[in-house]
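Per-chain residue numbering starts at 1, and chain names A, B, C, D and E are given in the order in which the chains are listed.
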Amino acid sequence: MRRTICMCCSVAAIIGLLCPAFPVSGATPVSFDLKYGVLAPLTGNSAAAGQAWNEAASVGIKYVTATLKKLDLPDIHVVLADSQDSQGNTQTGVEAAQKLVKIDGVNVVIGDFYSAVTSAVATAVTIPNRVLEFTGGTSPALTKLNTGTPAFLWQPVAADDVQGRVLAKIIAAALGPHARINVAARNDAYGTSLSAVFKEAWTSTGGTIPVDLIYDPTQPTLDAEAQKLVQGNPTGWLFIDFCQTFDKLAFPLARSGKWDPKKSFGSDTLNDCKSNGAQSFPGMRATQAYPAGGASFPAFQALFEQDAGQRTKFQPFTAEAFDSVFVSFLAALEAKSAEPAQIARYVVPLTNPPGTAYTFQQLDAAIKAVMTGQKIRFEGATGPLNFTDSGRVAATTYAIWQVQPDGSSKVIKVVNFTP
Amino acid sequence: MDDVALAARGLCAGYGDEDVLHDVSIAVPRGAIVAVIGPNGSGKSTLLKTIYGLVRARRGEAVLYDRRGKAHDLTALRPNQISALGMNLVPQLANVFPEMSVLENLEIGSALNKVRFAQHLDRVLTTFPALRTMLRRRAATLSGGQRQMLGLARALMSGPTLLILDEPSAGLAPAVVEEVFAKIKAINAEGVSILMIEQKARQCLAMADYAYVLEQGRNRLEGPGSTLLADPDVVRLYLGARRTAAQRNP
Amino acid sequence: MDVFNPAFWTFVAIMAGIYVVLALGLYVQFSLAGLPNFGHVAFMAVAAYTMAILVVRAAMPLPVAAIFGLVAAVALGCLLGIPSVRLRADYLAIASVAAGEMVRYLATNLSWLTGGPLGSVGLLGPARFVSYNAGWQDLLDRLSRALSSVLGSAATPDRAMLLVVWSLAGALLWVFRRLERSPWGRVLRAIREDETAATAVGKHVAAFKLQALLLGAALGGLAGLLLAWQIGVFSPNDFEPTLTFYAYLILIFGGMNRLWAIPVGAAVFSLLYTGTQFLTFFPLSLVDSGSRAFLRLFSVGFLLVLFMMIRPQGLLGNRRELLLEK
Amino acid sequence: MTQFAELVVTGLVTGAVLALAGVGASLVFGIQRIPNFAHGEYLTFAAYLAFLLNVPFGQNLVAATAGAIAGTALLAIGIHFVVLRPLRGRGLVAMSLVTAGLALMLRDVVFLVAGTQVRQYAIDQTKVFALGFLRISPGEAVAIPIATVVLPAVALLLARTPMGKSMRAVADNRDLAAISGIDVERVGVHVWLLAGALAGLGGVMLAVVEGTFDPNLGFQVLFLIFTTVVLGGIGNAYGALVAGLVLGVAMDLATWNGFFGGLDAQYKPVLAFCVLIVLLLVRPQGLFGRATVL
Amino acid sequence: MLLEVRRLTKRFGGVAAADDLSFDVEEGSITALIGPNGAGKTTVFNLISGFLRPDHGEIRFAKRRLEGRRGDIVARSGLVRTFQTPRVLTRMSVLDNLLLAAQDQPGERLGLGWIMPRRVARREREIHARALEMLDLVRLRHVSDQYAGALSGGQRKLVEFARALMVMPRMILLDEPMAGVLPALVLQLLDHVQDLRDHRGVTVFLIEHDMDVVMSVSDRVIVMDEGRLIADGPPQAIQNDDRVIEAYLGPAAQSESSGKGPRETPRG
């Protein structure tokens, strides 16, 4: 089923690309130079995620360039100026961002997805230099860095405080509000802060957490940790980890014979591990903001596999980087300028109703619509983005994914969430 | 020269810029016990190190004649090559491998050559019967005398034609010294030439076929052991002789 | 591409200045007192964390918090130093790496105190954020306004920072040059040469070593503070052992036992480290951007090994002296 | 009780890996005076070499492991001859920097060639082998027999073979070993061969035990390896064998509920360092090191 | 008595390097400690100077208990030693080697150099003058700016000697001051040692192997063998003491002839 969608979408995308270009009429001539820079931990412990992040952004930029060429708009230049390595630490991240901003003169920085690096780069480089930054970081504190309007730092992903409460709600619906949930989170900013929010939400509504485990995924084995997690007679489990490192914990859990994936929930990075090259455990559920992860998500995945699949494993969360490219490009197009402050002003209207919805697959149509002055609404591979003025997406609906017996995952339910 | 096992001629050597040895010459006839004696600081240890190539000779040469009489320039060889030519050394301190068992010490002594090990083990253990009962003990647990014995035994395991001993009596109780010297004699009786450096001049001279006395890094006296033993100059040299009275080299 | 953008190189120069302070700390510990400390980064971490926690949580004024930060670094030095000055060099090297890693793990795990893996952003919990360096930015702003009477529009907070960092680094170099040449430095040099000889003429070796360790700790702490102010946000990941290695590299690049070579070493290191960010020219442009990041670290490693093989005495060092050491 | 037993088993498996890597690193540190910060990368290299043979080339894991052991041993002596031997005698800090540079080079080459994604050998990681009340993984099922065979074999190799004895002799008293006719240069090469081979086996074992791995595999255990080396006493091969096992078991057992309710898992990595520092306070020369200065 | 040693014992493993030793060193004397190699002489020096901790026994220096005190405290109390192989600081200048040894330099306290630069400078001038005086004494002033590592072994001995004097000792322990020194320098050093006692009131306690030296300078000789004291008296008495001769040369051999006659050694 899923594969058919993928196929259809990629065929559609390819046909779209092959369509003969026709001149855009009735538009005022637009000309700008939009420079992107990517910032991600390309080396070190998170190299896999960082490399995928970089590829997702460059795939997006390539797609935009190809579309512009097809539409014969030679006055609009969109380039990936450089990709820099943050190594996952703030000092290197700031040095790298300095290079992107000061030397390459980028208008938009895509990354980092470490909240700590993002906040350092935003306070020390992008905001003072009035450059846009789209982050993959989920810390709720990030939006506080925006000092004025329009915002320069954009967070195209649900923050931990929202997701933590959504997880509590979903688990309560599935296992009852008084269930005993063992929580395991990786020992980094994402894991600790999401698990902290969940714990607060869960215990405040009457749930208990017999085992609350923060673990270091770089340990040689996680057997001892798995042993802990099956104690306390739990009703269910919550895991906050990435697919790759989750295996290391899940294998010993499975071997313990006391773990039931059907009673387990994962965070939004664990919703489709099979397509991620990692093991999946049938029955396990995970969340994802927005239903179906956005209609264009399979097309994005297909595009990624085609362009960068040989080099880098696809990772679903990189759709955030991909979407950021399109949001900033279309906003620049609406602003008719690559000036970051100008672009920033169009991000919110671009991603919110009213207007006709376009996905990246209809980029050519979207460009034409913008150039003819129509109000459009961009819908990302992650779903409708609905940025608010604070720079954050306001998600109200969440999908629950479940791993099927064959290992693939699909959406089984969509829930509404009002903060 | 065909009956000479080792000859050092005109050695000058030292540390830093300063020479400790001045034109020192010695020779070890095959099958003999040769002693080098002299008060502390006379250059005995330096002589030994120079022969062994641990201190570079500035002038002169040290030549080892192997079993077939072929001459080898020692200064061009590495210690393990010297050992292969049939010359072995028992250092004064650090003469065993403390973390290894007695048996292992002996194996290392044979340079881990199985044939050689089998060939020499019985003979060595016959010479040092005491070691037989402590083959499994760690060398670090041995007493000083036992270590000295083990050091000798280890060196013998290589089946040397020439053995160099650096103060074998150092730090040992008198009774033990007697025993060690007796062993040295026994080893020599089996045809191993011996060059030993000693402080305990009397016992050493009584045993030596020929002896050299060094003083201030120079050849001072030499002659058959028994002759030197009777020489009053030796006593004076140790306990404060008038230098002017010292006998000149022949 | 504007390779010669002054703003960028100002930033690089600021970082180089901070590295000078960092490496100076190691110089005092290793080159003067012979203590191979591989956990130097721990002093940076402790000072930066103490300062940030006091400012954010206790609303302490920045200067006071900074002093407490330095005190904390020195206290850590005492904690590590008292037992470790008697360790043999190779054990000390490993033990100090362990100590540094311990500090980093504690910073990661004691979330209630340090903000956990999120770093200084998380000091007040996940959803609230207060910056600790408002006071510092203020200071730089005022300084740049003051400078603008001299420099005109060329005065920016960044240049003010540059001025602050390098004057501090210069002053410290001068101070330590004097210390090195003072009777105190003479004793330390003697201890590095031969502890026994120093003891024999009545010098309390352990006490002097501890003093050097503590001074180094204070300098490490100062570098940590400057880095924290310069970057604005820090997290436990910033204090990986690599940073200590970089500081040693700076010492080696300049010439191990040359105080005035430290700025040279820091400049070379910064150029090398920053320069490899520019590896986008042909034929490297054929490599995709992700792989270039690996190539960059590879070339840092390669240049390091090459340098050690070709010029082990450093740029300003003396090869003969290197051999004299043995 | 089951928890205790399983923790002991997993601890022993980790410990076996640390022991294998630690013996080599300790001998290299003791005999060559090199703190090899690239030792972790030797493990990574081995894991990827085995992966290359196992997955793309379809060899079975045993053959792949053999290939990895040989390849890593060759890598180790290659680096010895090209880089480390010419730099001999440069002192602790200089050698640390050089090996750290080598580590950077090796790690990033593996990243470049093999990519960032996690890899698995062609074995089913979810399979369970029941041994009484113990449920162990395929990795452990392989690692335990390997460890029970290889660790004693290594001990035996050091105790009985000429190569092992000459290594211990050189570590014990370098000059006397040379005088006794041992070619110290050649022993140096052997030490690297052995260290490389053991790192090769350890790397594959670590990869099998972890289930999935990426090019940071070895680097992540580097400091644990060093802790093993120091605990065992630098240069003391038996010490490293024991220290590796003790460290592995101690780290896992610390999380046992019977041990004051169990240590919080996030403090597990700190534990090794605490043990190290406390031990050095009591015994500055390591658990089995000699008190005298070399 | 300036130095009193009572029942001093130190064992290494099973071997007693110092075995129940008791002796005194009189103020203003030159006392020699002799004995064959391995007799434990240097161990005694190490025990007295605080480089080793005795197993038991007492050491009193100027009525103060010193056993088990750190080496630097012993040195500061006026009991200074030199080493068998001179421990000069090779990469420091000869002058610095001497300046280092001076006591009461406030500039050695961290920070005091900044608070009271004048006092530091004044003291530094005094020290400097004294160091030059010492260098004149050992006739090494012409090399004062050279690295000490560039000196010959004999000159190093002199530097170490002068450095020990910089501490202003009441008593100085010289470990084989003449070993490795050129004969011409030996006489010079001998003069210094006697001058120390005669004109500076420094008590000298020395280990020496050169018996000419021992017999000519010392007032009293203490002989050790295997950790024990075997003789104690004026030089002449010692020279004829059978126990001493035996300790040095071994017991008179019983089985004299090994049957082989003397050989002619071929000599070129």
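Methods note: contacts are C-beta pairs under 8 Å (C-beta built on N, C-alpha and C of every residue); 3 or more make two chains touch, one makes a residue touch a chain.
Just so it is clear, the structure is predicted and the values come from calculations on it, not from any experiment.
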Legend entry - Number of steps on the shortest touching-chain route linking chain B and chain C: 2
Legend entry - Those chains which touch chain D and also touch chain C: A
Inset, instruction - Check C-E against A-C and say which one is joined by more contacting C-beta pairs. - result: A-C
Inset, instruction - Mind checking the centre-to-centre distance between chain B and chain E? Centres are C-alpha means, answer in whole Å. - result: 30
Inset, instruction - Report the inter-chain centroid distance for chain B and chain D in whole angstrom, where each centroid is the mean of the CA atoms. - result: 43
Inset, instruction - For chain A and chain D, let me know how many angstrom lie between their CA-based centres, rounded off. - result: 38
Legend entry - Euclidean distance of C-alpha centroids - chain A vs chain E, Å: 77
Inset, instruction - Among the residues of chain D, pick out those that touch two or more other chains and give their numbers. - result: 108, 111, 264, 266, 269
Inset, instruction - Return the residues of chain C touching two or more other chains; collapse runs of consecutive numbers into ranges. - result: 108-109, 291, 294, 297, 325
Inset, instruction - Give the residues of chain B that touch two or more other chains, as numbers and ranges in rising order. - result: none
Inset, instruction - Could you list each pair of chains that touch one another? - result: A-C, A-D, B-D, B-E, C-D, C-E
Inset, instruction - Under the touch definition given earlier, write down the residues of chain D that touch chain A in their complex. - result: 3, 6-7, 10-11, 13-14, 17, 108, 111, 115-118, 125-126, 128, 135-137, 206, 209-212, 214-216, 220-221, 224, 251-252, 255-257, 262, 264-266, 268-269
Inset, instruction - Using the touch rule from the top, collect the residues of chain A that touch chain C in their complex. - result: 38, 42-43, 50-51, 54-55, 58, 80-85, 88-91, 94-96, 98-99, 102-105, 114-117, 119-120, 123-124, 139-142, 144-145, 160-161, 187-189, 191-193, 196-197, 214, 311-312
Legend entry - Residue numbers on chain C that touch chain A, as the complex places them: 1-3, 5, 7-8, 11-12, 15, 108-109, 111, 116-122, 125-129, 131, 227, 230-235, 237-238, 240, 274, 277-278, 280, 288-294, 296-297
Legend entry - Residues of chain D defined as touching chain B within the complex: 162, 165-166, 168-169, 171-173, 175-184, 236, 290
Legend entry - Of chain A, residues touching chain D in the complex: 43-45, 47-48, 50-52, 187, 213-216, 218-221, 223-225, 227-228, 231, 244-245, 247-248, 251-252, 254-257, 277-279, 311-313
